Amino acid sequence: MGGVVVQTIERADPAIVKALGACGVATVHEAQGRKGLLAAYMRPIYSGARLGASAVTISAPPGDNWMVHVAIEQVKEGDILVLAPTSPCEDGYFGDLLATSMRARGGVGLIIDAGVRDVRDLTAMTFPVWSKAVCAQGTVKETVGSVNIPVVCANALVNPGDIIVADDDGVCVVRREEAEEVLKKALDREAKEEDKRARLAAGELGLDIYGMRARLAEKGLTYV
Amino acid sequence: MGGVVVQTIERADPAIVKALGACGVATVHEAQGRKGLLAAYMRPIYSGARLGASAVTISAPPGDNWMVHVAIEQVKEGDILVLAPTSPCEDGYFGDLLATSMRARGGVGLIIDAGVRDVRDLTAMTFPVWSKAVCAQGTVKETVGSVNIPVVCANALVNPGDIIVADDDGVCVVRREEAEEVLKKALDREAKEEDKRARLAAGELGLDIYGMRARLAEKGLTYV
Amino acid sequence: MGGVVVQTIERADPAIVKALGACGVATVHEAQGRKGLLAAYMRPIYSGARLGASAVTISAPPGDNWMVHVAIEQVKEGDILVLAPTSPCEDGYFGDLLATSMRARGGVGLIIDAGVRDVRDLTAMTFPVWSKAVCAQGTVKETVGSVNIPVVCANALVNPGDIIVADDDGVCVVRREEAEEVLKKALDREAKEEDKRARLAAGELGLDIYGMRARLAEKGLTYV
Amino acid sequence: MGGVVVQTIERADPAIVKALGACGVATVHEAQGRKGLLAAYMRPIYSGARLGASAVTISAPPGDNWMVHVAIEQVKEGDILVLAPTSPCEDGYFGDLLATSMRARGGVGLIIDAGVRDVRDLTAMTFPVWSKAVCAQGTVKETVGSVNIPVVCANALVNPGDIIVADDDGVCVVRREEAEEVLKKALDREAKEEDKRARLAAGELGLDIYGMRARLAEKGLTYV
Amino acid sequence: MGGVVVQTIERADPAIVKALGACGVATVHEAQGRKGLLAAYMRPIYSGARLGASAVTISAPPGDNWMVHVAIEQVKEGDILVLAPTSPCEDGYFGDLLATSMRARGGVGLIIDAGVRDVRDLTAMTFPVWSKAVCAQGTVKETVGSVNIPVVCANALVNPGDIIVADDDGVCVVRREEAEEVLKKALDREAKEEDKRARLAAGELGLDIYGMRARLAEKGLTYV
Amino acid sequence: MGGVVVQTIERADPAIVKALGACGVATVHEAQGRKGLLAAYMRPIYSGARLGASAVTISAPPGDNWMVHVAIEQVKEGDILVLAPTSPCEDGYFGDLLATSMRARGGVGLIIDAGVRDVRDLTAMTFPVWSKAVCAQGTVKETVGSVNIPVVCANALVNPGDIIVADDDGVCVVRREEAEEVLKKALDREAKEEDKRARLAAGELGLDIYGMRARLAEKGLTYV
């Protein structure tokens, strides 16, 4: 059961990737029809990070981080690693040395449905990680996995080259083929929200702005 | 199964509500006989927030935030929303637009046994939220629920107009009718703690301050 | 079933204890052969704390913090309390008054497989705690437990006098008898990592630094 | 903080209680507008039990089953104990001796948001229990709680004298005052389901029986 | 955001599907290179069921089972429903009426990353279900989803027409295109296991049968 | 970091081991002062099994069952395997082939703080297993662990040769040196329970049998 490393993957236009990151998870998730969110247990190791990046995917055995080394060779400027273990695991697959290596290759972060360690150092480096756990447990290098194959990470399908958007709200994946369209819709959404924000801030109610009163009455809502 | 919106609720004296908030969760919980705590999974989205506020309650279907809009109309200065889904849900019912609307109405925060999103923006606004999860998952507006009925939120009963006390330790509810008495006991407790803190800081032991040694011996504690 | 308080325990050399703390959890855990980690759900109440300390252990009934008072009398300069409930519990056994008492006795922190409260005050005091939960729920003083007996805390065995190393990655226990040797290996490890960090930062790959390519091929890894 | 035992509670008509039990949890829950379900983690210790019973409630400290003894004295023919710990606990509050005592008083079962033990014996006795956990951990008798006060059990409010309906689907509570009306609606529902069951068994589709096609189209469902 | 119903899907040869079911989850999972398992929290509602079936997939909103009715129209002899909610939910989407309808259409079971109810009736019908939860909570019919699109169910990707193998060990998905080859490998594996079972039953050790001793020594295993 | 296999361990008298098993988990746990319980998530794969057995312990890497083969060689008549992974894991380390091998060596069961598979076959063989999970996920044989060293399994310390008592209530460990005394106390306890069971069955109350009324009043319990 040897693994596979796919060396050539397509990536989206870096400007689009970056712009999606700036929109943030909630907006992008809405813009693409409320799909693509990773499970809510994926949390950032520190607050305030926000990014858009192209996924280099890793399918790794539980407790074995060998494939992280293999994957880093495949990383290009602006990429992010997305690691899915083949069975649930919280071991610390990744720490400050690997982050140093990632950064040297242009890598910008890690999404891992498992554990991460050296979070104090990673925070000092401002190297962002979204993980299932923080855990110092070391891993081995005994069993091969695969790099740049489609993976299911935290209950979401991620293909190599898909765009990862991540911030304090969590992580969202955007299909590479849909990136441009999703960005357009996200920017639209942002523009519209500006107007609504101003009206709401002025004390107008969502009930009126969105014209909800009639439909609520029709559904049987009663005021007493 | 249409829902109900109760438009008139009684609230406690704002000065008492505010004072309870200043006492903090642990003290208030003790002062009222160790009752009223919401489940420990209710965590603040950022550290350092502390408040006392009057509850406007929401019973909402899973994945449907329509009632939040309805509830905001019922909010008065110093109120907090308390949302309990009718079945377990971690979707992001609430974000920065709704917080903007809340603030415009005088609302001061949110307690939600479900998810919240836009936490970066909410943190920047210093709009405090205690939630079960942070999750960008969007919600629909298809099914009505109720506003200002008694709800069970994170395993605690909350009536509309009850006082919510929340800080980094979690969330506690105080019955409106008991607010004044609980505040009195809480202030008493704080006063007494000052003396104990000084004695403990000086190196005196709790064993001696509280006179525990005899009872420990009687219960069979042995020193070897 | 009266409890026992062991009054005399051996501790490791304070310089070694302190030095282990400075190495951090991940390094120490690796240095001692990847053993001794407490469960990953043990999290610090604030970021950035790092320590090495000698364990004063507590076996306590669920929801009963009487033994904390008993244990504090046994605390010496540089000690940390390690509390294991006899059955799972998230109640807040410990708050700012007990922290004040601990500090007055020279105690430096708390490891608790249960809940802690007053975390805002504890943070202001920079009194570090690693816990399973933050919870304001009060505890009683009705049933005796034991102090300074071996306990299983968060799935790890801790003997009185063992060294606790804790930081943002979690908590690790080092046997007192092995402390010196573990420190030596940890320092070795740190020294070696420096060199690797520099090479990785310069863009060299782990695949080459660690000579992994041949073994990966042998295991069947295929590049496409 | 001494507890209270309320000795006189009202109960619903035994015939209604029994009939509600025969309807089962799903039907009763629907009949009363989808409210009253306890959390889904409440599971029966063996399959096939189904009952309706009047609640004798217990608020008990974590790890302390003293109040069970107190409550059994309050049990009348057809009653069920409903125990809510004051903080989360999985200890085994109840075993075959207490079941023997319950049965001798006419008690018919236990709902416990904590642990139960001796499940092999309880199963042999066909004494039904719905619990959060099976756990042999013993409890103490040191702290008083209360009997027959309103409790929140597994996220649902239960008043003394409310009707508990429980089966393999879980546990549902019916307000005493609403019991008769809920039963009527439940029986109605059952009658209507018979007809639908026959039509569905004959191969007719719910889409047609319930006339859903037009509304689905209107909501934008597309067939490809 | 209207949903889509794909009406024409390809299915594998029924004989292959059935044969895969007879091999069981563990064997099939191994035969296809240890992939395709759904999360371990997916448990059968009763013991002893074992099946192979073709997936008709459902992407459904939380707490909304409308799409189940839509999906049943798409079911053919030997199909199984595979329901993935768009966000985590434990509501009871499915009960005995829907099972009656499924069976009338030739459907053989349900895989649901959410809740199921009427389990007593489903068990009496021997209608097998593997679910995340048993929960009586009712659902609404307000929001459309999709049928027969690829879904991620319990952390595994399932395409319409893929083969579901399920038994007491859980649930495994086999890609339709790989079904024949996986079956061949599974049967091979079963044949080989027979021989090993006989040798192990006779007291021979795996250490010897698999020739592990040398490699263990080489890896540093020491006997004392 | 090569592992160690300890080949010679002491075991308790088989008659005592068997007799402890017959007493059951709850009784033995009480008899030894309420210690030794494994975490409540350790559940039997089928109901009704009950045993006492001597522990052969395994410390195994996550997702690697190599040491099970090594351990089986060390098994003697009446032994049970106790496997603790070095980090949390739910993979299926053990199935019907290993059970066949165990049985051929006189082994009587498995306690595993991880997953087990082939549970249908294991049930048919009446080979009892208490596990954290049922999971078909296969494991590798790449990294060595240790056999017959002290392990922490499901939050309890188990030494090789300790006695495991397991039944439907869970799992309890008894120190080998204390086995005889614990058995004596357990039998005592059983004898005393007989009398109490008869009195309770006759309708006498625990309040009276145990003389609790005065102490309850003293603690402040009030009847209204």
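Note that the chains take the letters A, B, C, D, E and F in the order they are written out, and that residue 1 is the start of every chain.
By our rule, contacts are C-beta pairs under 8 Å (C-beta built on N, C-alpha and C of every residue); 3 or more make two chains touch, one makes a residue touch a chain.
Everything numeric in this text was worked out from a predicted model, so none of it was measured.
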Those chains which touch subunit E and also touch subunit D: B, F
Whole-Å gap separating subunit A and subunit F, where each centre is the average of the chain's CA atoms: 42
Where subunit B and subunit C are represented by their mean Cα positions, the distance between them in whole Å: 31
Multi-chain contact residues (two or more partners), subunit B: 1, 34, 37, 40, 86-88, 90, 135, 137, 143
Every chain pair meeting the contact rule: A-B, A-C, A-E, A-F, B-C, B-D, B-E, C-D, C-F, D-E, D-F, E-F
Interface residues, subunit B side, partner subunit A - complex: 1-7, 46, 66, 69-70, 72-73, 90, 92, 95-98, 100-101, 103-105, 115, 117-120, 123, 133-138, 141, 143-144
Of all residues in subunit D, those that touch subunit C in their complex: 61-64, 86-91, 135, 137, 140, 142-143
Residues of subunit C defined as touching subunit A within the complex: 24-26, 29-30, 34, 37, 40, 43, 47-48, 50, 167-170, 172, 193, 196-197, 200-203, 205-207, 210, 212, 216, 219-224
Subunit A-touching residues of subunit E, taken from the complex the two chains share: 1, 33-35, 37, 39-40, 86-88, 150, 152, 154-157
